[in-house]
Amino acid sequence: MTAGGAGASDRPEPPDLSADLCGVALRNPVLLASGTCGYGTELAGLLDLREIGGFVAKSLTLEPRAGNPPPRITETPAGMLNAISLENVGVEAFIDEKLPALPEGVAVVASVFETEIERYGEVCRRLEGAPGVVALEINASCPHVKSGGIEFGQDPAVLASLVRACRASTGMKLLVKLSPNVTSIAEMARVAEGEGADGLSLINAMQGLAVDVERRRPALSNVLGGLSGPAIRPVALRMVYQAAQAVKIPICGIGGITSGEDAVAFLLVGASTVQVGTASYANPGAALEVRDGLQAYLERHGIARVRDLVGGLLS
Amino acid sequence: MTAGGAGASDRPEPPDLSADLCGVALRNPVLLASGTCGYGTELAGLLDLREIGGFVAKSLTLEPRAGNPPPRITETPAGMLNAISLENVGVEAFIDEKLPALPEGVAVVASVFETEIERYGEVCRRLEGAPGVVALEINASCPHVKSGGIEFGQDPAVLASLVRACRASTGMKLLVKLSPNVTSIAEMARVAEGEGADGLSLINAMQGLAVDVERRRPALSNVLGGLSGPAIRPVALRMVYQAAQAVKIPICGIGGITSGEDAVAFLLVGASTVQVGTASYANPGAALEVRDGLQAYLERHGIARVRDLVGGLLS
Amino acid sequence: MIRAIASVLRADAHGVTLDVPEWPAHRPGQFAMLSLDPHGLHLDPLLPRPMAVFRADGGRVEFRFHVVGRGTALLAALSPGDDLGVLGPLGNGFTAPAGSGGRAILVGGGTGTASLYEFAAQLGSRARVLLGGRTRGAILGLADFEALPVDLQFATEDGSSGHRGLVTELMAPEPGDEVFACGPTAMMDAAWRLAQAAGVPCHVSLESRMACGIGICLGCVVPTDQGFRYVCTDGPVFDAERLDWKGLP
Amino acid sequence: MIRAIASVLRADAHGVTLDVPEWPAHRPGQFAMLSLDPHGLHLDPLLPRPMAVFRADGGRVEFRFHVVGRGTALLAALSPGDDLGVLGPLGNGFTAPAGSGGRAILVGGGTGTASLYEFAAQLGSRARVLLGGRTRGAILGLADFEALPVDLQFATEDGSSGHRGLVTELMAPEPGDEVFACGPTAMMDAAWRLAQAAGVPCHVSLESRMACGIGICLGCVVPTDQGFRYVCTDGPVFDAERLDWKGLP
């Protein structure tokens, strides 16, 4: 039998990697996480965004914002803390300058955050119909000014109002990105689903703190920061598992994914797509390696479609 | 000037390491964490318990308990998950067999957990006056049967009843060990203080999950487990920092401590003592290295007393 | 039992040899916990790895393994002079049969052969040693076993050495024999069934996920007819009769 | 800019040399991100380390450092043939003074000297190179600088080489000169004051905590008169005049 000959049908088909992100069909289930891939353009030459499922852009506010003074990041065991805060170019510059600079065929998820509910709604409205944007991701890990700074995603009632306002403001697909800093992720997942979210993203970075002991100072100017990276993966997997049992809408799993096997773990506990975050810093091509590893896993186990893994944890 | 001569007073005094654990004077602020040092006797020949501040024994129930089937532990990035569950020898065997086997002069903290509030109180009563036991630590990270399995430490009202019951049952010093799986650690800290806790221990392991992807199974028989080790240190530091701002009672800091510098970080954010847990597995002498590192830090910075570090984070 | 920071004498994809001057006397079948990060440079992998003592002589302590994950990959990549934390010897080890009558049948599969070498050396001509692996190359310590004065037979799945098939097919236990097995659970289970059928005692050396190796984490349990027992302190060698085989993970 | 898994040619406590056949042309003063865990064996330290390109020639890329923490300790412990992730060249680098008139005064302190070597080599006799350190041994790349056809002077705190005192005390900038400084913030601040007093331009190469090196994490900001700027993409070389010196961490 010669390669490419009549026997081609004998060779196993490559597995079907296509995935569903809250009703949006994606090439494969691997996206880049918000805040870890800029606005997509910065990765030119390092990662072809058309080879992965898509990317979630840095969270956008109504106006451009400057963020915290340095130091903004620090390393922790198998993780990092960041306190970038709200820094972004603003929703208008994103639409006018960033989106047009992307190649055709890239699935863009626009992430939205603000300090007041009304402003969230307004950012959503502006993004309606923006070219290339397939869905919005509502980042609920932002301090809510009116609640004294606790995160929108930390109070069920506040989260409900937030999702309701965003839902009312747009007909686009809505992913709600939950805060991990809660007693019951299942409750928060149900709240978001109840208010009309099309899908959930979880988890965002966990609240943490590091100390520069030699200088006796907090390692970050903001004192508190968000913990990300492999260190948080077990917590992220647990939360995806609990949320998946609480809701019917699809879940995008995030937290410390560095390999195809990590992605498989998230799919098995109930995620239907995943996002790669911190891993891209050490290797801008990490998401591609995750996709390749996922494909290799499916081939090794003779699984035809990536979606057959979703929620497939045996017990 | 000759060594040991009249000039001895010129040499800096070794720093004062003595510490206060909720009213109990300790040689130094470094203890071993519950569940990571057995009942103390297992460490004979590897670590002299009289050289550290003390140890917290494996949590005790009224009756001996068997715990979960294997696998009970798995490794995660810079951490581990465990689901030992309630396994312990029971409070009677602890008093009759384990305590007498310890050398004189070891400060023992007895840890208590149960599935019902009344039983917690009963275990506390039995421990009253047990020789060598300087304080009780109430482990609130145990599933509360009547609340459908959520942890005692996850619901402010349940935690309040628990601390109240334990307080009523004993005149011994009470440390309350908080669960990290909550939205607001400050609220839980205030609840425990309000019900008469003499001190707080935090944090317990964080709820997590890992997957054995090749077998498509949870890595632990219990599916969920407790995440410990350096991975959780930033979250632990954040929680100690937040709790220290919320209450006046002393705090014992726990979570991923492997070095003297790690202990310093916990002291700076407001802990007055610390516990070493997972680090002892890779090195049974880890707590001694933490103590030595702490002393070296004080000497390097010319700080006379370890208690001068407590809450001393500059901003 | 000691805890030391040992110096690596040699390491490759099949094993590591350490210089541990303070290493005490130990029994065949005991193990050690090897800590890959004795100076806290990586923090991950965090937990020490349990490894059978393959052979120890005058402070020269040898371990044998196959690279199966991160820990063994890092062990294999060590260079002479590198530091490695070592805690041991740990566990109960093997006990030679009391009577002088029958043979001791040692059955090893996969990396399990590493636990048996010193026991075979101790037993000498009383030992019938049966070693199995996928291929000849997969049998750990093969050349060392061949240098021992024991009755040695191999079984490989591909027939590249000795019997083509399972190592337990070579056992043929007879009354008076005593069986000692270490390897994959399925292999030990088969050895136990054959021993049972022949009415001879069977001892198996188990593996389990471990954090401490000294009975403090309570992580390494296996189910027995007396409830859970710890592989690190009650084992790793158990009387096969006492184990709840269905409950092994 | 490329991302590659490079092979270590040599490494010691002062630097690492990599084989990166695909390394593109770069400018003096650019840097790279070195990733210590290219195959995910440790996961900690997780973040890549920013390092100035000391010198690169035909795919042989050199970095110089002092061991100050875990990352540099691990870099120093690499062996020939080990893999290291490398992303670079990154950042803007130094621009030679436009006119042919005055001198370029290069001021380096501590590990900052590593950023200046190729720039000094490029400028040749136009460069006055002033290098400082606590001791002679603390000056990175000292021997290589001595082999350059530049006007070279040293300053050490202990007087073990050259001027005893601060390197900036050697500067004496004159109209027409242009200052380029890289080192501890206090040293660069002093260089900037002297340049300002002499009315000459001053360019400084900054350090900042970095995760990505390519403008996506937004972690490496420094305050300027135009708001926050990124050390990785807007720098590391900044016009000293534009910086908010008090706001540097």
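Chains here go by letter, A, B, C and D, matching the order in which they are written, and residues are numbered from 1 within each.
We take it that contacts are C-beta pairs under 8 Å (C-beta built on N, C-alpha and C of every residue); 3 or more make two chains touch, one makes a residue touch a chain.
The model shown is predicted, which means the values in this text are computed figures rather than measured ones.
*Asks:* Going by the stated contact rule, which chains contact chain B and chain C alike?
*Replies:* Chains in contact with chain B as well as chain C: A, D.
*Asks:* What chain lies farthest away from chain C once each centre is taken as the mean of the Cα atoms?
*Replies:* D
*Asks:* Using mean CA coordinates as chain centres, what's the chain C-chain D distance in Å?
*Replies:* The mean C-alpha positions of chain C and chain D differ by 52 Å.
*Asks:* With chain centres defined as C-alpha means, what is the inter-centre distance between chain B and chain D in Å?
*Replies:* One centre to the other, that is 45 Å.
*Asks:* As a quick test, compute the distance in whole Å between the mean CA positions of chain A and chain D.
*Replies:* 35
*Asks:* Multi-chain contacts only, two chains or more: what residues does chain C have there?
*Replies:* 43-45
*Asks:* So which stretches of chain A touch two or more other chains?
*Replies:* Within chain A, residues 77-79, 229-230 contact more than one other chain.
*Asks:* Tell me the shape of the graph of touching chains, choosing from line, ring, star, complete and other.
*Replies:* Its topology is that of a complete graph.
*Asks:* Contact residues on chain A for chain C in the complex?
*Replies:* 77-78, 230
*Asks:* So in the complex, the part of chain C that touches chain D is made up of which residues?
*Replies:* That would be residues 41-45, 70, 73-74, 79 of chain C.
*Asks:* Which residues of chain D touch chain B once you look at their complex with the stated criterion?
*Replies:* So the residues of chain D in touch with chain B come to 43-44.
*Asks:* Give the list of chain A residues in touch with chain B in this complex.
*Replies:* 76-79, 81, 150, 154-155, 181-184, 206-211, 213, 215-218, 223-225, 227, 229-235, 237-238, 241, 256, 261, 264-265, 268-269, 297, 312-315
*Asks:* Spell out the part of chain B that touches chain C in their complex, as residue ranges.
*Replies:* Contact set of chain B toward chain C: 35-38, 42-43, 45-46, 58, 66-67, 69-75, 77-80, 82, 84, 87, 221, 229-230, 258-259, 278, 280-285.
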